[in-house]
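Several structures are given next for inspection.
Next come two complexes built around subunit A: one with subunit B, the other with subunit C.
This part shows the complex of A and B:
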């Protein structure tokens, strides 16, 4: 199979490895020598030939009009989507009413007690503090709205994910069909889902919840299947020898054995759902995301931050609690039902106490206005760094230089390349790092972009992605190496990374523009900020996992720290570094649409335009092109052997 | 209260069962956050500019404090807002800049949206340069002279040409066609959002740098960054019929309110109030400045305006 052919050369000596690479290149050159003159003769043009594009504007506009005109009359909507929509509205409403009825005391107590039972005292205090901070920032009701939406979306995602995961985990055939779908969804930026969902369900909570489910279910499915497949064969055989049926085996052995993966899946699903909470505000999800989005309109970073902090706090708390639960699932730390009962009684008691004291809503006087100091800090920063800084020049000058000397040449270079040569480069890169299958996927994805008629803007976007990835990798690897060498630096870095990883991207749009002006440079900056934490994390982990014995022996041979790094740590951490590159690329691409909001233009702008004007033809084509770019970049940067254990 | 919650949940499930045998028309669904805890809720659509926020803030304040409603706001872009309004996901749009296609579809054909009367404010889109630049070069305010000055407006993004900055993709714009048809040596650069555009304009103004931008009045930023309009060939009725061949300026548009048709009929006092809501450009700007410049929350800003303009809003409530 594909994985076998790819991992084989790794075991062979270096000479042979080069030999294989040379073989592949030779084969590709041969194919190119035959195909290129043919293609060039027929469609001689620098950019993608006109004759090979398909214009989807008319069918898409017709489809969009049909949906809007028939949404209140056609049976498909009345008896199909209408029910889905109804179910979402009713369940979100039910959760929201329960949360409001519990009041802020009840919700805080319940959160803290659950955290205490599954994760210990420290996290319980953290959870309570997080909820109280949400109230203190004057964001109680929006937090509850977001929480209600999240609860429903996460439950639905888990249900969908577990069903798909069970199917993929138990049947090899289903696994083969589902895997490429899940792979594709993994690289799909959240924004690309919004437009089709909005068209069918209209603006509002149902669309937001469904878009979130589509976005957040794949990790759950992937990890469920992984857990089922990774179960210890010997245990399974033992259970089988006891004469149990297939269903008993599944329920008593395979699922419990996979509980660690299941909890990790839950953790990932929650994190993805939360990151969608803000993006979904663009389609009327309400709650915290909407506050961030509204603050953006009055260019008010402080107000955006007061709504962004609760999101970060929710994310960090949920991450730590589910993470701790996952770790405990490995050990035999069982809490008895009785303590759970006590916890429940205590939570209800606190809720009732809050109710009787007439403090159901968060008291208006207890709010803290952080907007003003934050805005002052941002103003100071932008006033002093924008331009005229002695020696180094202001950030505006850097942005202009970066645009002129990096972005413009890369863009014009890519757009100058004949279309077939771009395909050829993609094929060569993907084949060298993977198999002929991944190369084929990458080439087809790139060709699809041309067929959709967005070749030029896609190359513009690609140039921004390449520049952003380069900057991210330089900064990320440097920081990662530093963090791997110093424990104290890593400890300091951890909360910073947490915040940047979970902070809604809308919050830093304004500071980014204030520092770098409008254009592609701020778009690149936003992408770097977003992708950096993951790259730093993966690099640090990779370097730290290098076998200590190898390091020790190098040290005893008198290698300097620099030599150790270059000759032992970096080569041994190569898989992790490659993973960092891959994740960097995927994450950078995910922010391309956000870049459209600060003048990045190209595909990002088209997607935003499509959403804003309800223009399916522009938006959907741009969204599809982003997905194709993502597929192509993923295949070009993803070493094949990782595919076998991909999922975490 | 707990009892009421359970009844609400029970009622919800009963509703699900009831509709189980009939059709589920999702174009008649309210927001799940509406009418919580027995309050009557009105949901208003806020667009992404501050003027629209001011209308909504004052309406929200009066609804909550004088009429006893709970008012929710949702930020939606202009065109999708029409769709949300027709489905009842929002009850009212307070400021619309003219969308003839949507008006025909929803108001005339489907009759799911009702006109709510004028807002009292007249909107105008145009090209603007900062006033300090217009004082330096008085003839820059005529489009015929723009080519002469295009080198002033060059940026890294605009290539070798001058930069004409456009804003959010949700706004009405003919700028690309105008630049083309008037043969101007300019490149339209889309800021992608109004927030980005304002931030950039403020940065330019701080350094007294020249810039040319798509902008609109009424807008609070004029108080912070005084700007002068560049005269384009005058607007005549129908000169913007073919968007690709357009060579004339943008019209002056009396801004309109729209209500969901059901809400307009059954919305009681709230609907009547929103229909009567009508104020002036100065009123709107006053609230907008409080929000955007003094960074008051929309609620505080609305309170300030309401406290000092009793005669204006009392007429809306009668």
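This part shows the complex of A and C:
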């Protein structure tokens, strides 16, 4: 029925689109012609005018001081946040103690058996090997700390996410209100969530858990809602035609039909929780992340690596096991309760055996100290590869060149631009790609940065983001196109991408510090490495999903491979390419701000500085600016329709 | 027996039913200026789409009532209105004399649980359940205990020929087997009426024929009332005791297969049935001429409701006119001439009057449906439909549209 109405605008797509783009630009130019002279007359051009900033330092410091003073006395904290915080501490502690009591044998056996039941023998062996490696690296206790925090955070995230997802899945009105919020939360850098929770809860485990929950719950909520809404309409109709009540429909049809999405949500929640639990070491989460953080602070790459490897192993194992569970959902591999019982009994037996054998803690003699050899290797690298390698130069030289020839010019260029021209460019880009709404949001977000008084550092961060995005897109699109054209290359690439996409952001800092030392260039390098897999994957998928009939007809007309790519594949894959850009930008920003930990400076550094010095006002303002920057970058690159699921 | 059924309360009685989608849909049926508009104009004027427009009919106990039309004619919406899976906009629906539109939630649930069960085009099975649990699902909804519902489901599974597949999942079944599960699920609740929404149009032709015969068999064994939606004319002619032909939300003709093929109400219906092999549908009753064979031996002796194709065979073998016999009494005679005239669609003198009457009434459907219930009894179908050779579908109807 809709075809009649839809066909009308499709009649003249190219002309109309160009026409519309020109219209938008014209309108914008008109608005600029009126507003810019006014703004220029009132406030000088150049950097963001002083008169338009609002200094939040005093009110924020007052608020933060008030909270610190009243944390132990005010009823809001005593009976509200206090209970929450206590509950979190007690549950994390309880899980931690249980994990310790089970001993390394028990935990390894339990992990392996669960993996066996939900994902098969190979993953069970992999899981056991991963746990044993954690012990071998002398990281058993930090691993258990991280795991305990994760267990509590994931349970809470899933509970919150499922409740929100059910609400949004069942009520259209709630869905309309929740969806933009969840969409926006999903593009926020993890880093931005740290400061508000610290303000309320102070540094420590409760803040870490809550930040993790806030960060990890949205995917669960989104996918729950998506699953409930995506259920086969006819099945639901059939269930209704048999006279089911609303409750029966939900329990016997809608939720089981959504099981695939629910498990995918669980998978994403776990991965995001791990990512955040590691970053939250900055606000006192402890565990593996803390080891990495401390090691990075003293540029001890070896120590960072021996904590980083368990994080990667944990991530890969958790991702594969939950992913396999999702793939099996709805299949015929339902395991009976009895096999679960056997698995549980076996795990308990192994735990008891370990306990009786007096091997509760990981035996000290079995640890392998990789920190020293790694550091020696890094030292050798520093000595031989950093600089002065004939012809190619050294890694530090590259970093320095990149900083001098790319980062610095971009930064000074951005900072040299009059403030209103930055707003204009943002508006034009966002409007051309998206709608006037996205343009307005983007401009307001950018303006908010100026109002917050962090215009200069924000442009610094932006310059890093732009440089990283440019590198990411060049590398990512080239790799993506290559992978889409060669099956062999894609087969080789796939496992690499799989591993890279599951790793928490934090881990990427370790190798870049080893290679490039500290500074802005390593932060950019980490961001590129982090964002690359998603961009490659989305590009490849987009190119491969191009209508084969269109491609075949082009081939039958004798188009060369180049012509096929330029004239058929790339234009038809446009939505996917735009999504790749959007994802690239969002992921790059997430890591660029974390780069503040390794000398990236700008907003990321302000946040860390605020946390470290207890100067929450500086940190909060920087955090808010990161949020605004994230919002702006997402909206500027947001194609009109957003994909339901994210690549990363 | 059919005459008696026609007198008793119809299972479904639909009167002036409207379903309009769009903003402020209620105003459309009430406004004569809008109801007379063509669909496209109505949409342009009001933004509304009338899927079902002023439809009236009765479904009698024990009959197979087919609603047939091309895609977009409103037939699927119509069948969903019967149990209010889609809420009608105007009109009345009664099941056994009880007003369906006035039912509250629990009464409606009761109706769906026990009185009308539906079979869907794409089966609507729960992928995470076994065949047995899918079949037992309706009973589970009713709150029946596990052992009891499984025993009942087992019986029904056997009835539709799925023994040995109880523990499979829908994904492990072929299309035809899946639809058998859908059918079994509907049968398991022992409903008064079975509603079929294009149940076989997603199946391969051969499987479709098997399933049609399955439905015919079930109907013969149980005599359950069925409302059958289809876009396939040959399916409609094969299964239907009566057929309502829909176009753009209206019923353009309602009658027995023979009436639809023999005396199309308008050019649309005529175009529709043009390629139907008439000898497979028309009965001897309409092809015979008055006359007596003049003796007790009744040469040929064909039943009045045998199809013309059979009579042709008899007359050809006999080499002489055959006698049409009902209850040992001679009703008339068929010969080569009358049979050829019938196949050619040239009216035969004796039968014309009765059929022409229905055709005239068919122009106004609401009246036709009502009047036929009281007056002209439908031709009883004693010959088992399964034995009737399947009619070849006319190319215009077999769109394969889903």
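Some observations on this one:
In this section, the second predicted complex is superposed on the first by the 553 of 648 C-alpha atoms of A that agree within 3 Å, B and C clash if a C-alpha of one lies under 4 Å from a C-alpha of the other, contacts with A are read in each partner's own complex, and residues count from 1 in each chain.
Here is the rule we use: contacts are C-beta pairs under 8 Å (C-beta built on N, C-alpha and C of every residue); 3 or more make two chains touch, one makes a residue touch a chain.
Remember, it's a predicted structure, so these values are computed and weren't measured experimentally.
Counted by residues of subunit A touched, the larger count belongs to B, out of subunit B and subunit C.
In the superposition on chain A, no contact is made by A:503 with either subunit B or subunit C. Contact with subunit B, but none with subunit C, is seen for A:284 once the two complexes are overlaid on the shared chain. After overlaying the two complexes on the shared chain, residue contacts for A:253 are found with subunit C alone; subunit B is out of touch.
When the two structures are aligned on the shared chain, A:113 is found in touch with neither subunit B nor subunit C. After overlaying the two complexes on the shared chain, residue contacts for A:514 are found with subunit B alone; subunit C is out of touch. Once chain A of one complex is fitted onto chain A of the other, the partner contacts of A:211 are absent, as it touches neither subunit B nor subunit C.
In the superposed model, A:243 lies in contact with subunit C only, and not with subunit B. By the touch criterion defined above, A:235 reaches subunit C but does not reach subunit B.
Taken together, the two structures place no residue of subunit A in contact with subunit B in one case and with subunit C in the other. In the complex of the two chains, the subunit C residues touching subunit A come out as 49, 72, 80, 83, 85, 108-114, 117-118, 120-128, 137-138, 140-142, 169, 172, 182, 185, 189, 195. For subunit A in complex with subunit C, the residues that touch the partner chain are 1, 232, 234-235, 237-245, 248, 252-253, 256-257, 259, 330, 332. Those residues of subunit B whose C-beta lies close enough to touch subunit A in the complex are 1-2, 5, 8-9, 12-13, 15-16, 19, 23-33, 36-37, 46-50, 53, 72-81, 83-84, 87, 89-90, 105, 110, 112, 155-157, 165, 168-170, 189-200, 202-203, 206-207, 291-292, 295, 297. Across the interface of their complex, subunit B is touched by residues 68-69, 71-72, 75, 77-79, 81-83, 85-90, 92-94, 96-98, 100-101, 145, 148, 198, 201-206, 281-284, 286, 290, 293-294, 296-300, 302-303, 355, 360, 371-372, 375, 382-383, 386-387, 396, 399-400, 403-404, 408, 509-510, 513-514, 517-522, 595-601, 604-605, 608-609, 611-614 of subunit A.
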